[in-house]
Amino acid sequence: MSEHKIKKGTIATKTASRSTIAHINVPPSQTWNYLRVNDISFDVPTPDAKGKVFAAVPRLFDAIETGGGTPLAHWIAEASGDGNYVEVPRFTSKGNPIVIEVGPGAASNTAIMVREGATANIVVVATAHEQEIPEASTPSDTSAALTRIFVEKNAHVKLTEVVATDESTQHLENVGIHVEDGATVDVRQYALGGSKVAYGIAVDLAGERSRFNLVMRYHVSGTSTLDVNHLCRQQGPHTRAEIYASGVLADSAHKALRETIDLVHGGKDSKGNEAETVLVTGDDVVNKTLPVILCDEEDVQGNHGATIGSISQEQLDYLATRGLSEQAAESLFVRAIFDDAIINAPESLSRNAAVARASLVLGSDVSHDLVEGLGIELTDERSAHAAQEREA
Amino acid sequence: MSKTQVADIDRSIYDFTKSEAGYERYADGLTPDIVRAISKKKDEPEWMLDKRLEALETYQRLVMPKNWGPDISGLDMNHISTYVSPKTKQAKNWDDVPEDIKDTFERLGIPQAERESLAGVGAQYDSEIVYHNMREEMAKQGVVYTTIEDALHSDYEPIVKRYFGKLIPTDDHKFAALHYAVWSGGSFVYVPAGVKLSYPLQSYFRLNAQGAGQFEHTLIVTEDDTDLHFIEGCSAPKYYAANLHAGAVEIYVGNHAHMRYSTIENWSKNMYNLNTKRVTVGDDSKMEWVSGSFGSHVSYLYPTSIMAGDRSSVEFTGITFAGQNQDLDTGCKVVLQGSGTTASVETKSISKDGGINTFRSSVVIGKHADNARATVSCQSLMLDDISRSDTIPAMDVRNKSAQVGHEATIGRISDDTILYLMSRGCTEEEARTMVVNGFANPVSKELPLEYAVEMNNLIKLEMEGAIG
Amino acid sequence: MSDNTNKPLLSIRKLSAGTESKPILHDIDLDVFSGETHVLMGPNGAGKSTLGHVIMGDPVYKISHGSICFDGADITAEAADKRSLAGIFLSYQAPVEVPGVPLYSFLRTITQMRPELKTTARKFRARVGEICEQLDMDQGFLTRELNVGFSGGEKKKVEMLQLLLLQPKLAILDETDSGLDVDALSVVSRGIEAYRKDCDGALLMITHNTRILERLDVDSTHVMVKGHLVAKGPASMIDDIDKNGFGQFEALLDKSEAANQGGEDA
């Protein structure tokens, strides 16, 4: 039952100065600048550890491209103090997740080497403040996680990212993965809260027959901003990539999603699909999408589809015959994002974080409904008490 | 059809020498005095000169984006004035015209006299008979089809003043600014309310008499309840030694109106084509773009549709063929502002022999565009593994009742398809050409028959790699 | 349950309906009382499925004439979701995929909104467990996305699961596609048995294949041809159809002054 927990650093305690990281989440091919969809910048605390050299993370990880980009990766490395290095030995598949947790004011820098034929289960969780907000917190707290993974041949990696911060915190989630022959990577990303969240992932399918699957679910409400960059370079022959993002935008949410499938010369017989579905329920939503396919090779297939707007008429009609009005259907879709996070959370920290966030968004009856209905165990005492009360 | 010779054009309009005052101030040689001289030669109203001078300032100030777009370092930005001057832009005589251009004329069956005209070595031609009849018809209905220069010296000057340069801003991009500084030639079309033209207007018949089309400005204004089809260009390549084309097309469509703008652009393969086209549409109207892009070394081409009124629709159908040494960045932009507006974009692109094709689009749905609908479909065909095809569509949606759908596919002709056609007697090349023509069908079927045939011939030649 | 035992649960009078472009149903009269089992049969394209969808309130179809009363209320103008809450259930031939929505969340939402079914999560889970046993269904379904990647048989089970969970007063089962699918037939039979046993609801079975009816206790058989209800009879009529097909009923229609336009199943 023991999980491999990663140490994190506190971003800044000695100084109150701030700096700007520009050009976060830049896609390989950009578009007209006036559309303001080419990148995002963040105002962040200046790390105490600026300029130090870190020994824990092997140099080869610096060569791994990240979705958030190099300026961001540098900042997170400095902000987290020393990094973490984890190695999953060849052909092992223990199943105990490697858990990376950051709360407001914390950052972590983790490099994971997954050796040949191994199976690794990795979880990144960004939690919100506990209910009693500590006095020392500043109004715009920041948390960040940099995770770089080297996947050797025939290994399998499952990565779950749960960003469940609240409106008091901004979060920077940056991932880079290098994949060798025959290896597979499955990623599930959840963006459940945070005043301003950047989610970046770059995957290099360098090896032949390597595969990458990504599912992202998001819920953005209030005046929050979500900025996403998904990038998959299909370099090796016979690679497969499937990227799918879906979510709900409420109130005055701002969202920008960039997806790039790069069918690189030499990657013969590779196939890449990207798709996005967005449900817009808010009156002042700004929804930007940049789905890109780059192709430099003949014997490949690239596909992209996006559907933006409301629930399809076909789905609405089916749900209506079961008693759901359009508004009720929209509520179901929002609930489903959180239920999906709870179902797919591989361990208790991520699950608790999802339930806690769901409680704030949906109310605690609904947030605990799935947990009780499916008999999932929550290790958080407060939730267990609340559950008992409801049963009475 | 027989053609008549038009009076020799006055090419001296661009005839400048370096001893212009203030020349040294402008490293690229394009001085305000040059601009003033252009305006003076055309005897333009003051407001037009002011616009030119302002545009020149803007041109000096703007820079081309560094983070996207094909490389234009082959354009001699330090000697922009030479693009404007006629001495380098026309070949002196037929012998100077590149062989591959001559070959293409041959293959496309263009008559010799026309070839010279297209290559800029002979007199301009127009189809006097057809054009003459058209002119009488149009005059009866009150339709105006002339050059902007002529319009500025007519009763229509106020209309030109009201609309010229108001749709495409001077600072849209650096070459729009250049265009407004040195524009020359182009068409002015005015369709009064209630007039529905039963035949298309074709700019080919008006290879215009002043200037050679590199910086032409087309202004089309249609009032309510009108119907107009305007066809620009032709499949025959247009050759210029000074290889910059920075034209502009502004179209104003009234209410309850229908407008179709068809183009086959086939600039010669040394050209840099930075063309700007834009339409604004009223209520309950329909706008259609049909666009085939074949030539030029580098293209930046994104016809833009502003759906300002309510319940109007725009359809964009386009094909871009990028072959050897071509880097074509094309697509379209749609802005849905009115409620109930719809947009439908269908594009095809073909990449071959190391050509680079970039489909670049944007769909912007404004806050008040209730129930707006947009669908974009973009298909790319790769014909070999040395070419490139990129799809970069952007969407910005700010209204919750709007629906946007987008799909893109990139791939190659399947071996099964080729095998099937070969098993029915086609050679491999014929099979591939057939598939590509079929691929292009959604565009060619929107064109008038003779243009569709021309386009198919063009595709055939491109597939053979026969075009220079 | 309704206590209007003298009045039909479902009463359709002179109903004509179709799509925007085409009329499909003509002058339909139909009464179904609580607890009864009715069968609606007819040749391909008769409009049988359309009738099911029109009763349910599918917005694809427009009623041009006539009325539908259910449980004492006129529902002709009501939207589908209201009809569902009133107690009508329609199983889909091709259940729609709803990606991203776990089956659990969906089932929980549609039951919690009905006062008579509202309960705690634990009790709900237990009830679902019971039904899954009746249908021989694995509970692992609950965390899968609604209908996504489900086989035909699995989709059928999910439809039957909803039927048994919602306990409608009237269940309309459209099995026109299921004729040759052995798995589907078995699932539906189980579902119907459990439905009849657990809640004694009314059942309108739509099919053109008699096999599915073998174990049903049928009160009334109706035959539809080209959008018209041309015949009504007892259970024995099914055997007749089994032996002789629909020829005699098509002849009946030709004789009367029927419309030329035929209806097609949705």
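As written, the chain order gives the labels A, B and C, with residue 1 at the start of each chain.
Definition applied: contacts are C-beta pairs under 8 Å (C-beta built on N, C-alpha and C of every residue); 3 or more make two chains touch, one makes a residue touch a chain.
No experiment lies behind these values; they were computed from the predicted model shown.
A.B. asks: When you take the mean of every protein CA atom shown, which chain's own CA mean is nearest to it?
C.D. replies: Given all protein C-alpha atoms shown, the central chain works out to be A.
A.B. asks: Find the two chains joined by the most C-beta pairs in contact, please.
C.D. replies: Greatest count of contact pairs is found between chains A-B.
A.B. asks: Averaged over CA atoms, how far is the centre of subunit A from the centre of subunit B? Could you give it in whole Å?
C.D. replies: That gives a centre separation of 43 Å.
A.B. asks: Where the CA atoms of subunit B average out and where those of subunit C average out, how many Å apart are those spots?
C.D. replies: About 58 Å, centre to centre.
A.B. asks: Within the complex, which stretch of subunit B touches subunit A?
C.D. replies: 65, 67-68, 360, 362, 364, 367, 380, 382-385, 387-398, 400-412
A.B. asks: Which residues of subunit A touch subunit B once you look at their complex with the stated criterion?
C.D. replies: The touching residues are 29-33, 35, 37-38, 263, 265, 268, 280-310.
A.B. asks: Spell out the part of subunit C that touches subunit A in their complex, as residue ranges.
C.D. replies: Residues in contact with subunit A: 56-60, 79-81, 83-85, 89-90, 92, 95-96, 98-102, 104-106, 108-110, 113-114, 120-122, 124-125, 142-143, 162, 166.
A.B. asks: If we count contacts the way the header does, which residues on subunit A are in touch with subunit C in the complex?
C.D. replies: Residues in contact with subunit C: 217, 246, 277, 314-315, 317-325, 328, 331-333, 335-337, 339-340, 343, 368-375, 390-391.
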